[in-house]
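If you scroll down you'll find the structure; I have some questions about it.
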Amino acid sequence: MKINSIKRRTLLGAGLAGAAALAMPAVLRAQDRSLKVGVYGGYFKDSFDKNIFPDFTKATGIAIESVAEPTGEAWLVQLEQAARAGQAPADVSMMSQVAMLKGQSTELWTPIDMARIKNSSYLLDRFINKYPDGRVAGVGAVSWYITLVTNTNVYKEPPTSWEAFWDPANADKLGLLALVSNSFLLEVTAKTFMGGTDALDTEEGILKAFDKLAEVKPNVRLWYRDEAQFEQALKSGEIPMGQYYHDVTGLAAAEGHPVRSTFPKEGGIQDSGCWALSRASQKVEEAHIFIDYMCQPAIQATLSRKVGTSPTVKRESTDLTDQEFAAVSSDIEPIIPRYDLYQTKSDWLNQKWTELIVG
Amino acid sequence: MTAFFRNFYFFVIALFLALPLIVVAGVSVNQKQTLAFPPEGFSTSWYGEIFLNPEWRNALVASVTLALFSAALAVAIALPLAWFLWRRVAPWANIFQLLGVAPFTLPPVITALGMLTFWATAGFYGQPWTAVVSHAIFFVTLPLVTLSLGFTSIDRSLVEAAATMGADERTIFRTVVLPLILPYIVSGYAFAFVLSLNEYIVAYMTVGFTMETLPIKIFNALRYGYTPTMASVTILFVATAAVIFGLVARFGDLPKLLGAMASDGK
Amino acid sequence: MSGLVLQNVVKEFGAFRAVNDVDLTVPHGTFVCMLGPSGCGKTTLLRMIAGLDLPTSGAIRLDGDDITRVPTHKRNLGMVFQSLALFPHLTVGENIAYPLRIRKAQKEEQRRRVDELLSMIHLPSYADRPVSKLSGGQRQRVAIARALAISPKLFLLDEPLSALDAKLREAMQVELRQLQQKLGITTIVVTHDQREAMTMADTVVVMNGGEIRQAASPIEIYRRPADSFVADFIGQTNLIEAEADGQGRATVFGQAVAGLHLPPGARKATISIRPEDVHLTAPGAGALSGTVTFVRDLGGTIETFVDVAGRQIVAVSTPRARPEVAVGQPVGVALTPDVCVVLGK
Amino acid sequence: MRREPPKTFGDYAPLLFPAGMLTIFFVVPFGTMIAVSFFQRQQGGFYTPAFVFDNYARFLSAFFGGVLGFSLMLAIAVAVCCVVLALPFTYLLTRMARSVQVLWLVALLSVLSLSEVIIGFAWSTLFSRTAGITNVLVALGIMSEAKALTPSFAAVLTGMVYQAFPYTVLVLFPALVRLDPTLTEAARTLGASPLKAFFTVVVPALRNTITATLIMVFIFALGSYLLPQLLGRPQHWTLSVLITDQAIYQSNMPFAAAMAVFLVLVTLGLVALTVVAGRRGEAA
């Protein structure tokens, strides 16, 4: 059945294309304008499909085909391999910062023409991802916080500092992210004990941070890669403390689970995702329209309310109330991950990290 | 005493096999969207979800379709190969036997990445049938092994007898070899089918962005939140498998399909 | 000429010569038994006749046509395998109908022929049984019926009765022979059982070491074995070394035997004398003298083992035609010259 | 039928499709992987074609040696546990009434359809402090306090044995069911107890089958990358986990490919060794 319909479609397409070449190609193109957009699968994708994409199509006439990404990294591998063969599994994808940098090194991202992103003026500067030569590789899509989370049944009082991870009383109670490039624990260590992430500028500094971090090891019960694995354990109190996503924890708490998310006094880790356009994509025009649309303060506010992400635009430009803003963010100065390290020193860091947790 | 020992041993194995199923079954009837065990409240709505939620339904259909076709292709590759190796003296052809066994020995992620690169380069990346081919190659080992086993159990004099009675090569294959090897085809197919149904990484790397199979969906759940639906799908799968194999056992000779000789053969 | 002709047939497996330059003519309608110890090449020869193995060199003709390279399935054969090779996935009737089905015979015709064959092998109404439910003898018959379904030009059987118990085997031998005579079909049976060969065959072909040692009627083989291998392999015999005494007479164990002659020019020869042709007499009296070492009384016949000059000679006689002798007693052994066979080398 | 070398094109014809498929869709992709394993890694990026041994050199360290050693040890442990558990089980099963056999076979085949994620989830629940089996033991008064059994080596081992057990039984089944029952009967008449008969007759008679099964489960376990993550601590991660990490999370395809090639070589080497040892043992 499928083969038939594909055949018919190609035949039809070929016929139409022939006719169009004679007459008015622009009209035809406008009719089948569509865009494949990659967003994280599961809850994220569901929310986007429900709250964002239909309105976009209504506003612009561009149909969205959403594609579920498992993680930024796995998706990056797929995009890269496909782009080498001139294919784009998705035109625009939501990518993590580290993945953005890796993609930059192979020119995977089509530079974004900021002149066509009218709403970019609202963006916070740190959410514009640039090639070393200044071209724009990606534009901030959403941001989120990784915070200190606890099970309220086990910890009656919320911890106040990341130092809780180092507290011998918490032996075998922590769930931490398993990868150096998504747990950002080096930055946390540097900010908590070494006066700031600048301490990581030198290799000595990084090694010192590793040494300090090694002290956490006895407290760690689970190094998790897949969020749900920890979330489940946190909810049940099996693993009562750890690092986790502020938004998801908030949702779980709202559902009545005994969990809480705390912004430690050193700040939560603010991570973010960018919209980036694969170089193999032909839909440059549509992509710009889409990215511009997503930069609107109103859309960012909707995302905060519906998806639970923190806005990438200046807070003043949105109509978020204090309460709504507090639910997705904090006024405490965040820890901004040192993404650059994960590109320039990635193999070394990864080796050290793996040896730290596995060894 | 020995009978008691044996029964105890069987009971322990049964318990071992059943424990995870009990957990999964318990989780699947949770009232709220949480994976609590023991379950909190009781609801069968997560079973309805499989069919009512188009995403789960599509994933189910995609997985079953993929498994049906890829297992068939795996058998189609393995059968002539196993037959040729049984029928002919061609030591060099054993290289293909080795090639048929090799995909299974590779770490799945490597097969997956190899396939990803290959399909992207070939320009078919993302086409549903590429997953069928990839799975067929990945799991060809299973029918190849069962069929090789099956061929060794065929008495060659049966083939000679058919030849003396006037059957040419093709006729022999159709009237003698095929009926005798059929049980092994079925079991090889069944193995490949079941494994394909549960395979994640190869399916994800080849067609993950155009179609979502159940394992991909379950994996996404692992990453973006468990839902009792994955437990209910699992129970549904187990139940379906039990029904299918139960029917096979009811109308066929299951022990024989799994490699036992006909009960009255010897 | 009509019938089967083998010309200089050679079969080598690597360096091993399984069949060495065999010539054989089997006239149409004859029943041939190929007899020999295991590994003598008889099964290989049969397989070449069937086309299941190809000769390394030589030719095979059937009714004048060279069939050496004709594939098995075009030879119109009927063959019964040692394992019987009944198809386990088919019923008795389907097994028998198989060669007809291959030749695309009408369903009606197939059914008629199956019924005919089933009644011929005394298993009417067995058509729908699964093969696995048959006894050994019944399987045997089904295999035979299946091989005969198309009235083949050649009927080949490879150790067909070896799986049966002794009594059933003897009955089947007779049955098979009668069937072959009724159908008049050229039949070749491979066996290692000389009694079976004697019972059934028009011609017995004795093979050893890949060569035909003798091909003749059973009685000829028995009475006039061509060499010591044949003499020894077929039935019981006494092989005795004889020497020429220079005057045309032969001496055995140093004693001249009147009337026994060796071929001209031969200094030494082996003679074969069947135990029933050895007569025991009183000591002396022109006979060889020996000592009784063992007596086996089988009721119908008595075998007497006699030590003559350190060699053992067996005599078989009916109880009445034999002197009363006991172990340890001296006895005379008379060799009748005209039943002594002087064997060629 | 006599097996003879293929001569005409028609004789080769059956080989065309399988050979073609395996060459195009396995040899080519795997060859690409081998090629990539010699490529130059671009830090923070992907790779460029080259011919360097850096990726193999990096692998040859005490750290990766340790991980490889652990992976092999784990796979062997899983294989041994599976066979030790499944061999007597399958043997007894084949001696049981047909209907019982069928029931068990259906159950085993059904368990096969469990996905790895689900197995991992179910066992992590069973081994948890809050909802796990220790609670049952506490209720029975055997233990004083519920405790967590995961993450631990035992948990990883249990999960993987669970996953491989049905395969093991199904692989052993044909050989055991065909085993001549008079063998053990003979042993019994010669004075061996059932247990002794099993170990002195059944096990030696099935040596080849047992070896083949061990190899199969070993390879199966070696490829596992999810259960060690779900049920174990980082020190229980296998090489497959690290390969996945490198390939997907670090985008370091050359290194991942090098590790995979190495793992395959070690696997094939071990399999060959086992087979050769088995042959020698047989000849002796």
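Just so it is clear, A, B, C and D label the chains in written order, and each chain counts residues from 1 on its own.
Definition applied: a residue touches a chain if its C-beta (ideal position, glycine included) is under 8 Å from a C-beta of that chain, and two chains touch if they have at least 3 such contacts.
If you're wondering where the values come from, they're calculated on a predicted model, not measured in any experiment.
S.K.: Per the contact rule at the top, check every chain pair and give me the one with the most C-beta pairs in contact.
M.R.: Summing C-beta contacts for every pairing gives the maximum at B-D.
S.K.: Which chain's C-alpha centroid is most distant from that of chain C?
M.R.: A
S.K.: Counting in whole Å, what is the centre-to-centre distance of chain A and chain B, each centre being its mean C-alpha position?
M.R.: Chain A and chain B have C-alpha centres separated by 36 Å.
S.K.: So the centre of each chain is just the mean of its C-alpha atoms; given that, what is the distance between chain C and chain D in Å?
M.R.: 56
S.K.: Centroid of chain A to centroid of chain C, CA atoms only: how many Å?
M.R.: 89
S.K.: CA centre of chain B versus CA centre of chain D: separation in Å?
M.R.: It comes to 16 Å between the two C-alpha centres.
S.K.: Residues of chain A that touch two or more other chains: which are they?
M.R.: Residue numbers touching two or more other chains: 71, 74, 77, 226, 229, 236.
S.K.: Can you list every residue of chain D that touches 2 or more other chains, as numbers and ranges?
M.R.: Residue numbers touching two or more other chains: 1-2, 131, 247-248, 253.
S.K.: What positions in chain C touch 2 or more of the other chains?
M.R.: Chain C, residues with two or more chain partners: 52.
S.K.: Considering the complex alone, what residue numbers of chain A touch chain D?
M.R.: Listed in rising order, the residues are 71, 73-74, 76-77, 80, 101-102, 104-106, 178-179, 181, 221-223, 225-226, 229, 233, 236-238, 342-347, 350-351, 354-355, 357-359.
S.K.: Quick one: in the complex, what on chain B touches chain C?
M.R.: 155, 157-158, 160-168, 171, 175-176, 179-180, 262, 264-265
S.K.: Which stretch or stretches of chain B touch chain D in the complex?
M.R.: Chain B residues touching chain D: 2, 6, 9-10, 13-14, 16-17, 19-21, 23-24, 27, 35-38, 76-78, 80-81, 83-84, 86-90, 93, 96, 99-100, 102-111, 113-115, 117-118, 133-134, 136-137, 140, 149, 156, 159-160, 163, 172, 190-191, 194, 197-198, 200-201, 214-215, 218-219, 221-222, 226, 230-231, 234, 237-242, 245-246, 249, 254-255, 258-261, 263.
S.K.: Mind listing the chain D positions that touch chain B in their complex?
M.R.: 1-6, 11, 14-15, 17-19, 21-23, 25-30, 32-33, 36, 85, 88-89, 92, 94, 98, 101-102, 105-119, 121-123, 125-126, 131, 133, 162, 165-166, 170, 173-175, 177-178, 194, 219, 222-223, 225, 239-240, 243-244, 247-248, 253, 256-257, 260, 263-264, 267-268, 271
S.K.: Given the complex with chain B, which residues does chain A contribute to the contact?
M.R.: Listed in rising order, the residues of chain A that touch chain B are 2, 38, 40-44, 67-71, 74, 77-78, 81-82, 84-87, 89-90, 226-229, 231-232, 235-236, 248, 255, 257.
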